[in-house]
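Both complexes below contain subunit A, partnered by subunit B and then by subunit C.
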Partner chain A sequence: MGAGHHHRIHRPGDSPVHRLPPQCKLLAAAAFAVVVVATPREYVAAFAVYAALLAVVAAVARVPPGFVLRRMVIEVPFVVFAVALPIVGLGERVEVAGLSLSVEGLWAGWNILAKATLGVVASVLLAATTEPRMLLLGAQRLRVPPLLVQIAMFMLRYMDVVLDEMRRMRVARESRGFVARDVRHIPVVARSAGALFIRSYERGERVHLAMLSRGYAGSMPIIQDLSASRGQWGVAGLLPGLALLVLGLWYVM
Partner chain B sequence: MHVPDGFFNVAVSVSAGAVAAAGVAVCLRGARRELDDRTAPMAGLVSAFIFAVQMLNFPVALGTSGHLLGGALAAVLVGPYTAVLCLAVVLLVQGFFFADGGLTALGVNITLMGIVTVVVGWAVFRALTRILGGGRGAVVASSAVAALLSVPASALVFTLLFWLGGNAPIEVGAVAAAMGGVHVLIGIGEALITGATVSAVLAVRPDLVYGARGLAGPLLLRAADGTTSEVAPAAAAPARTGAARPGGFLLAGIVVTALLAGIASFYASSSPDGLERVAEDKGFGAVATDHALGEQPLADYGESGGIPVGVAGLIGVGVTLAVGGGLFFAVRRRGRRLAEGARGEERVDA
Partner chain C sequence: MDLRIERGERVALLGPNGAGKTTLVMHLNGILTAGHGTVTVAGLPVRGDTLKEIRRRVGLVFQDPDDQLFMPTVREDVAFGPANLGVRGAELERRVHDALERVGMLDALDRPPHHLSFGQRRRVAVATVLAMEPEILVLDEPSSNLDPASRRELAEILRSLDVTVLMVTHDLPYALELCERALILSDGVIAADGPTREILADEALLSEHRLELPYGFAIPGARS
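Up next is the complex of A and B:
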């Protein structure tokens, strides 16, 4: 994760997915994730359908597959864990290509891999089609405590500032030949963190005073109308709705 | 350590979500006392700081490196309530914008990395500064030990949740050993960085370190004629009003927890019933009940312990809430003592 990172997670566009109100998309993504997690792992076909649903959303939103793939790197540590599971897992074992693998471990590895991947792709699509600020306003409409939303908004605003500060300090360290190699270098890293805290906090105090002098009274004005029509809720509900339908088939059959 | 979707079953995810929501609700009230009208901007800034600091990789042992969790550091720098809020916001932003940590695992992540690290870190820090006194060295040492213990504590709670409803067939002992081992190492790194960071901030702006509030000397006014006079610090005033009615916050926390726990346990207990009904409707109830139970989300849970699924779910919810509630009670008492301490001991210590 580099500096200025969060500009690259949003892909501005004018697709039907981009135009949906943020609260609809937020709820749809969360509901979809819940349906995915609640799906029995033996129901392999369902995961293929879920993946197809997400592919349709990505196509409608004109988010290229390469973009989603690059953002999926975040998942790598758990992929490693999922791959290791069949080898270290307990229970009945099966021979595959000369390797003794645990059956239960294979299922568990598949379970984590499939569900985590679908969850990651859903969040990536949500973030790619929704401006971070709008996403937070949508959260506020969903009755998330306003103070929490405000903290998150200030965090997004300050993130670039703090990350830039950190990058400048790193450049300064490295231009003096510093490379963090072992434990002895921890004090240097820690002093940077301390300096970063003081610099950010002092800057925050200045910004807060500037805000007060411009009439800040504890809440930011909301200038957009974010109300969602019934139709928009319906469109957004398609993703979790269809997923739920697929899940329902398992119990009916 | 961000848990993705599908790692824990639905019951554990929902109950951890209830604990996280209750914790954040309590902290929303508490943070107003720590930061008053500056809450939103300053907490936002501290969140951005924690987000940045979590990217600082530090070398742990040969070839491996860890990154800061920042729970204990944030608690010492800005106070426990603000720290939980900041970490919760960081995890929310990471989950929704960076796909780091699953959306259904948000509750688990906030509980593990926000609440547990901060509560354990702050409890240890308060206990140690009480024993060692409030000197600068004591604050630095206490924050290092707090950080050292907070990381394995978080790993321990992870193991507990895994035992309750993890989706992987690994022995709990093995998980505990692996998680514990790695996180003791990470904890040592975290301790060194936290201690050194707190020490660096103390050296420049001791007033910014919440855990060292007792350290700040009173403001001395030196007049032109050589006389000096002390100005009584005004910082104790908000703490006093807050300490007067801690019961309200505790009550609110318990009510929220109980409400959410009700929803969670309803889910945990009603789900198998619904499934059994479907099974009976389809006429394979008697034959396939075991099989049907084995295929729904709570299954690993009931099978592993040999107890009915609904009961297992309820136990899971109960244990999770008891642990969360107990830790909260502990931190509330510490918070009250801190407020009293801030009133009682206005030491001059440079």
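Up next is the complex of A and C:
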């Protein structure tokens, strides 16, 4: 059995950040992202402060920078887009190192890059300090529709099972001399994918029967008490709170 | 079909693949509803309004533990059944502990089910049902896919339980080891009912229903 595909992003630990109830962290990360997005792109200093705030969170949570950096590859498509903007942008142009770049495009690229990076880092920190399952329980506490939470929960549980099944099907194909090399082999792979879908669907039915036979009536019983104290909400509120303060300064000045 | 099982009895339900064993099992706790006729368990007819009580009384252990263990951790999975019955707090905690202790899996409390070995998962699957404190435990092919040691360990656990057990299997030695009484289900009817030892010794009866003892196996103590 694969030893937990979804633990690669979670970094078990016992820091004050790890100990916060998941719903506090979820809400704090979301609020922080909203503040970041609401910040005018010309207010460059604010983004530096936001980055510093995240660095403090990472330090308190004992998440090393390398860990965060490696998981930031998810941002690559945005970076490509942001880099393209100054080149294809219209309007006033400036000369930078022999390249003619659009000023408006530069600002737009900076805007996307800065905001996306801060958002991704905040999410990586959230995921690194919170078990996936706790994230879902937190979402449940925050009144995310239970059906969505249940779907995500089953995905988490059966990911390994389905991947394992996929691997077995590949081994079965290859042991009979099939290796997918070019387009002509796509139909075979597609049929395997179809078979995998059917198998997963059937498993879903069996799981549902197993749930029914243990008294399932449409909602998951809430077993773990995840109540957060006022103090914990206060600590979690520090990140978006301080960010909001910085944003406020822009309008005051 | 009339099937009477006394309290505390361990009964094996034997039959070849496709005899309707799993279908019968699914009827026992109202997962499938009878096309015609009715199902009555311990005097209680299986109907919409009695389903909850029926499912508490009849605990089903499915063949594939991956189907049965669907929660993120062992603790939550074992708690799922009793929590659906409305058990909460300390009592829920006690039931989870008791059930896992009875199958010797207490140390796996906070582990995700998919990190356990197959034999361990089967034992946790038994615990998920025990936690509901059923009157009758129904197991579908309990010995399938188990290695010899896990198979023996499960047998020891099943023997140590003080509940009524109905075991659906075509693992005849396992039935002999665990159950005093055996039934043969064939084409949807009970074709034989008697002490396991006598049924397994009746070669003609077995072969009539596509059952046979494994190679080299003889019923201990029987004259041949």
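Criterion: the second predicted complex is superposed on the first by the 227 of 253 C-alpha atoms of A that agree within 3 Å, B and C clash if a C-alpha of one lies under 4 Å from a C-alpha of the other, contacts with A are read in each partner's own complex, and residues count from 1 in each chain.
Convention: a residue touches a chain if its C-beta (ideal position, glycine included) is under 8 Å from a C-beta of that chain, and two chains touch if they have at least 3 such contacts.
Note that the coordinates shown come from a computational prediction; the quantities given were computed from them, not determined experimentally.
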> So if we stack both complexes on subunit A, do subunit B and subunit C clash, or do they fit?
Replying inline: fit
> Which partner does A:Val161 reach: the first (subunit B), the second (subunit C), both, or neither?
Replying inline: both
> Comparing subunit C with subunit B, which touches more residues belonging to subunit A?
Replying inline: B
> Looking at the overlay, what does A:Val207 touch: subunit B (first), subunit C (second), both, or neither?
Replying inline: both
> What is the C-alpha-centre angle with subunit A at the apex and subunit B, subunit C at the ends, nearest 10 degrees?
Replying inline: 80
> With the two structures laid over each other on chain A, which partner does A:Met153 touch: subunit B (first), subunit C (second), both, or neither?
Replying inline: both
>> Between subunit B and subunit C, whom does A:Ile9 touch in the aligned arrangement: first, second, both, or neither?
In response: first
> First (subunit B), second (subunit C), both or neither: which does A:Leu242 touch?
Replying inline: neither
> Which partner does A:Ala180 contact after superposing on A: first (subunit B), second (subunit C), both, neither?
Replying inline: first
>> Quick check for you: in the superposed arrangement, does A:Phe78 touch first (subunit B), second (subunit C), both or neither?
In response: first
>> Between subunit B and subunit C, whom does A:Ile198 touch in the aligned arrangement: first, second, both, or neither?
In response: first
> Which of the two partners, first being subunit B and second being subunit C, lies in contact with A:Met169: first, second, both, or neither?
Replying inline: neither
> subunit B to subunit C: minimum CA distance in the overlay, Å?
Replying inline: 9
> Which residues would you name on subunit A as touching subunit B in one complex and subunit C in the other?
Replying inline: 1, 153-154, 156-158, 161, 203, 207, 211
> Which positions of subunit B touch subunit A when the two form their complex?
Replying inline: 4-7, 9-10, 13, 24-25, 28, 31-32, 37-49, 51-53, 55-59, 68, 73, 77, 85-86, 88-90, 92-93, 95-100, 102-104, 167-171, 174, 189, 192-201, 204-205, 208, 275, 278, 282, 295-297
> Which part of subunit C faces subunit A closely enough to touch in the complex?
Replying inline: 26, 29, 31, 52, 55-56, 59-60, 62, 64, 66-68, 70-73, 76, 79-81, 83-85, 92, 112-115, 128-129, 132
>> Please output the residues of subunit A touching subunit B within their complex, sorted ascending.
In response: 1, 5-6, 9, 26, 29-30, 33-34, 36-38, 40-43, 71-72, 74-75, 78, 85, 88-91, 102, 104-105, 108-109, 111-112, 114-116, 118-120, 122-124, 126-127, 132, 135, 145, 147-148, 150-159, 161-163, 165-166, 180-183, 185-187, 189-198, 200-205, 207-208, 211, 218, 251-252
> Can you list the residues on subunit A that touch subunit C in the complex?
Replying inline: 1, 3-4, 133, 153-154, 156-158, 160-161, 203, 206-207, 209-217, 220-221, 223-224
